[in-house]
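Chain naming follows the written order as A, B, C, D and E, and within any one chain the residues start at number 1.
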């Protein structure tokens, strides 16, 4: 312990914690700008190295902050400068490094560092190498901004920043129609959710008068509950978009158009968990409204199952992993919704490790397969790429939740929480999902690495990835194995600011059974996957493929199609209608119509000026006559009226 | 037997007659010179005319306000002074048009200048009297001179215009006479102040006869001012007469008529003859609107300007209908402002007039003639554009201030509806003024004209006039206050 | 420097007159330097501006038409200060953006100088008649710019622009005259001074009619739905510099007019009409954004997007709280910069390809990467991404308006979605994909002149997005002054309730 | 009684002859009717004790004006039948309607007791003398103005009928033809 | 029954004659004939004026009538001048020949 205290003192003396915070935050953007300057020039390997080192620097700084906090240091909160201030609204650029954000920072920078290094190899042949690094570092900056901000609007900056970078990176190969389409879809869907987020922020501002976390949370009890639940709902709508919860989930699968490191970093480890982070960060608000929490949990459970089912049948390796991510995010929301915030965070962390690993492995496979994604065209790859196979196997086991891999600890806790809160339906759903998860994870592993080498039919010559890429993945693999073992330290650390979840008394007695049951279904899933693949490659028979359920799953419950029919197309058609029929034919035509009406009055009465003197004179006389009539009417109005009345009666 | 009449010379106040006498003697002098030595150059006559008008103006300025002269036949009140100043200044500027570079038929006649001076005198009599007989004779003197001068332009169209103008004028003279007869019958007098005294005494009964007499006056002056439906001569006369004279017709006869109309109607309006106000309201609205609409569809600039000046007349008539001191001083403000803009516009037309060159089988100044003018003659186009924008009432150019003041006077008298109609009409009017601007600035030249075609008729004096009017329209904002103060003072002095 | 505002107004016009003496070949450097000097004068104004002081500064006063109460009364507060700077700045950018081989270069440049005079004039005058004067006068140079250097339908577009705005504003003039009449009745003297008018408390029914009269003039200029149809034509046909100035500055006259005239003069009517105007704004936001999405012409798309953004500005103004109004003023500035930049960007490809049809392009990102980058930044600023200039104003306006109505606030916030839809789809269609049209494959990236115009704008977009305080603070002070005036003047209970009672100046410091 | 008979006779004859003036298709009839109407009006003037005017009417109208018209008629050769418009009916209705209106209006009592004659007719003094005194005092200015007006009319008539007009018209036509 | 002739009788006659004149003005196609009609109008007024003058015992009416006669004479001179010049060029005094300007 002496050593620990020394270290603590060392860090504080050695370097100011706020400096550390700034280094952690800003070194990625420095890297991004450096890479951006060379954005349009040909590949320079140095860029990759510089940027990666800067991210690593950020990681070190985050680690420094982590140690500072871990050893009892005070929470670091800095205000860099004022940002927006108008009326009573005053929002600074303020950053906080507390237990939760530092955990996130650590995860983000760690995974980022690995992905950056990995990308040097992965992107080596791409002409947009420098640009890629610029985007990727910008993403890291935005993500850091998101997790470090000490107010809701700062969070929103990061929130939108990661959205922008996600747009840039999904559409990185902008010459591909599908990539740019997916990028726009992701951005717009996120924006729909952001609308909710903004409304939440508006509500917070008008009811709390501030957007700082600490001030808001301090006042939270003095605000009516219905307002709080509205805030919670709207904030959660924001979270739904970023974390791709149903019904805003379709973008995540399509986002797989981006380069695989991007998928690993953004669409597995970090950005998509921002929604979960928001729920954890605003736990004071969510804790007050258990009904909303219950809704979040239910939706999470539903998404977990829903995504897992889609993952069962998909043949695209990245999409399967993406659905799996979706499913795991569902788990996190269950935990968050049920008030077990630290568990949600814990699963977030472990999931980041093994899912990033899984994606990077998939990246290796793709690289080897010359960007082929269809797992049906792979098989037997373990022979050529043993390292990758091993890493992916570790990740899959972790994902399936097999003891003692990281996934086991976090996922099992969530099931326990569901059971403990007597939400047996949730538990059941999650339990079933656990089995499915195991199944599809191993289905991939089997189809890709085992079985016959189907790729030969397609004339592909796979090769193993660069050594340094594999080495870069190793830390993730190690963490995927061992992260779960640090559960207690983790609890101690984060519950300094997060509420502790207390299991009820009775649960301890049946906890053993629960673990058994869960592990059993996971193992069953694995077994089915392995066995079926051994007997029959491809797993699904043709008859099965014509099954309705298979079709339903294969077409993602037809949801993309429905969205296209119900939202996109009508929107486009309505826009056209508004422009061509309403704007041009009604609004504009009315204006022109008035002008034309005046003009045509002129044309039609032009004949009055016929140039004929007789007509002119007659006009004069008519004028006089009309005046005479009016004179009579004016002077004898009364008598004329009585006369008329007499006639009528 | 009746007593012999003894009249002291002082009581005649010969000074009040001096201005008109000067103009008439100028005319006679010109006739005399021609008699003694014919075939003199027109310049001598122009200079003589200008000199006499100048002297005329001088003697007007030295008049004593609110004085009557010559057995009360001459009546110099504020509006008489003011309108005479306007008439004389405008006449002076317009006669300078005669210094045209080209030979025009009318300027071969020394009589033209004599007629011009007689006409000026006629208008002066019209405004400087409240005796219906003097007004009538003055009016006819001026009108008959004008008809002749139009004819002297010696084109087929000018004959036609003069005949139309004359014939309608004769009918209008009949209206005037009939209206006066009824007034005379009602009051036994032809002097307006006396007429109103008697009418007041008999409480405007029978009202119907008062109305009928005003009705015939509306007919008579409606013709003179060209309000709908008595306006039909307007466009044709503008088209038929030379631009120099058309410009004159659009300014001077109208201000004279306005003064007479003010004299006749204001008192009636204030004495509760509501009919007049109602009818004037209708006439004003119809005149403004219809003239604007007709102006929209014209193909010839001069004809367009004719309709536009009808519309402007309608605008100013509304001030008479409103009948407050503010509105009545607004008439003069407006008309002075309008005079300079119109002067400029017609000067530009006159400058571009060339005998023989025809751009259009019918029109002298079709819009196409000015197409792309900015490329051929930028300064001219800018000038013309300036005058068009001024007429359209774009601030800060002169007419805007008149419009502003009149609309304000309508509002102040609780005629908000009228104010809005006036405003909307200004908006319609913008379109046809812009049409010329568009032709000049935004279109390409149609024919292979060179820039000099637009200034073929320009002489130094014409350019000076152009310069004066352009200068005035641009910096009019600084003249508004003095003019307004002067107008308000004179109008208030006259009791309107 | 007592007459700095007078100099600011008339210097460009005088320089414009002198410009006729300058040789044709050296006219562009001449005009650029004039506009640069003008920009520096306006920046000096900022330097000399005391944001702690309440009320107008640099006031100059002289009688013009004493008998009728028309004065030469000019002065600025925090609101007009930045709009003046925006005008001078965007004029400079616009002038620089004009290429040397433009036809009739001299006429174009000198016209812009006259336009600059009118724009600055509108923002600094404090006399209603003078306001109207500059307001109307600004139409003339713009008419010429659109009509003479525009596209095929330029004449139609320019007339429509002119007549439409003229009609609206002349109704406003009637309103002004009526206002002067009421002032005359109350005080016995004629005055068109806005500062005097501010002191006049009117009963609600008068306010309503006057508000409507002013509204017509201002709404057409903004342009608000359904008076907006002139704008797509004007933008569609105008030359690049015309569009830049039109979008950046001229439209702001309308919204500025709301803040300077309608709100403080008629607080009760403002509250009375709050809901209908808010609904119109919502239509503007959502409907025009959808119409923008349907556009095939890139410039028309930007034009419709302008309308949509102006809707947010109007909403912010009618939020009637400091957050909303300050935000909408900031949004005016940011929209000025961003839409100006977008029009410049459209001009870049129009210069190269002589078409603005989106379908003609595609894949430009690989041909013109730097162009694509700047376009992307501007598109994102337009979409309202945080840390760009577009976010600050949009957020403040929306947060301000949200206080008034929950449902309408949500719909208004929909701008973040619909804005993204049209902008991103346009960006995608223009820049992404493969280069299909062979004519596009050889397009050159930005040249020096284009960099000179676009880089300053890009820098501003980011710098002001990160650090808007220098602008927000003075604006906020002036806005608070206006709101407190409105609260004091309000006669109805409802208005007193909706308009917050803000303490300003000495009171606030206590 | 005499007055009544005279008035009605004259009135009837005047109306009749003027109706002939405006309706007859023969110019000669029309002019003769005009002349007779004028003469009859002078009769009314005598009836109304306006002897001077009666004489003036006779001299100016019947003497000068009608003579002028007669010359003009010869010049224009309008002795042939005139072609008039067909749409007479509606015009006729319009005019009759207005006439009825005006006649109806004119029955209103016009005379007023408040009126005192400004220039009273003196009993026992000849009308001409009476008029002369007023004309050369009060109405001297209008009278002189009328002289100017007649001068204008004379100049106008001379100029318009003069040969110079024809000459220059021809000139311009030639110029136009050559261009 | 009062058989004496009142002022109203004269005024009625005057009005009737005036409208006969107006009728002539609007139906005549021959300009010369049209001028006749304008003379009728002026004469109608003269009757009224003289009658009023007589009934008020005031000379002003007669003065007015005198000036009207002068005006009528001048108009005839100018009018005939115009007709002469038109006739010389068009060989007609038909009103329908004056239609070159319209619209």
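What to note about this one:
Here is the rule we use: a residue touches a chain if its C-beta (ideal position, glycine included) is under 8 Å from a C-beta of that chain, and two chains touch if they have at least 3 such contacts.
Note that the structure is predicted; figures quoted are calculated from it, not measured.
Under the contact definition stated at the top, the chains bordering both chain A and chain B are C, D, E.
Highest C-beta contact pair count among chain pairs: D-E. Compared with chain E, the chain whose C-alpha mean position is the greatest distance off is A. The most central chain, judged by the distance from its Cα centroid to the centroid of all protein Cα atoms shown, is C.
Among the other chains, D has the CA centre that is most remote from the centre of chain C.
Work out the mean CA point of chain A and of chain D, and you get 100 Å between them. Between chain B and chain D, the centres computed from C-alpha atoms are 29 Å apart. If each chain is reduced to the centroid of its CA atoms, chain A and chain E end up 96 Å from each other. For this pair, chain A with chain C, the centres built from the Cα atoms lie 36 Å apart. Residue numbers of chain A whose C-beta contacts span two or more other chains: 595, 606, 609, 611, 613-614, 617-618, 621-622, 624, 628, 631-632. Those residues of chain D in touch with two or more other chains are numbered 85, 91, 95, 98, 102, 105-106, 109-111, 115, 117-118, 130, 138-139, 142, 146, 149, 152-153, 156, 159-160, 165, 169.
In chain C, the residues that reach two or more other chains under the touch definition are 163. Taken together, the chains touch in the following pairs: A-B, A-C, A-D, A-E, B-C, B-D, B-E, D-E.
Within the complex formed with chain A, the residues of chain C that make contact are 160, 163-164, 225-226, 228-230, 287, 290-291, 293-295, 321-323, 326-327, 330, 363, 365-366, 369-370, 373, 380, 385-387, 391-392, 395-396, 398-400, 402-403, 409-410, 413-414, 416-417, 420-421, 424-425, 428, 431-434, 466-469, 472-473, 475-476, 479-480.
Residues 102, 105-106, 108-112, 114-118, 122, 124-125, 129-130, 133, 137-142, 145-146, 148-149, 151-153, 155-156, 159-160, 164-165, 168-169, 172, 175-176, 179 of chain D touch chain B in their complex. By the touch rule above, chain D contacts chain E in their complex via residues 1, 3-4, 7, 11, 14-15, 18-19, 21-23, 27, 30-31, 34, 37-38, 41, 44-45, 48-50, 52-53, 56-57, 60-61, 64-65, 68-69, 72-73, 75-76, 78, 82-85, 88, 91-92, 95, 98-99, 102-103, 106-107, 109-111, 115, 117-121, 127, 130-131, 134-135, 138-139, 142, 146, 149-150, 152-154, 156-161, 165-166, 169.
On chain C, the positions that touch chain B within their shared complex are 63-68, 70, 107, 129, 132-133, 136-137, 139-140, 143-144, 147-148, 154-155, 158-159, 162-163, 166-167, 170-171, 173-174, 177-178, 180-181, 184.
The touching residues of chain E, when paired with chain A in their complex, are 22, 25-27, 29, 95-96, 98-103.
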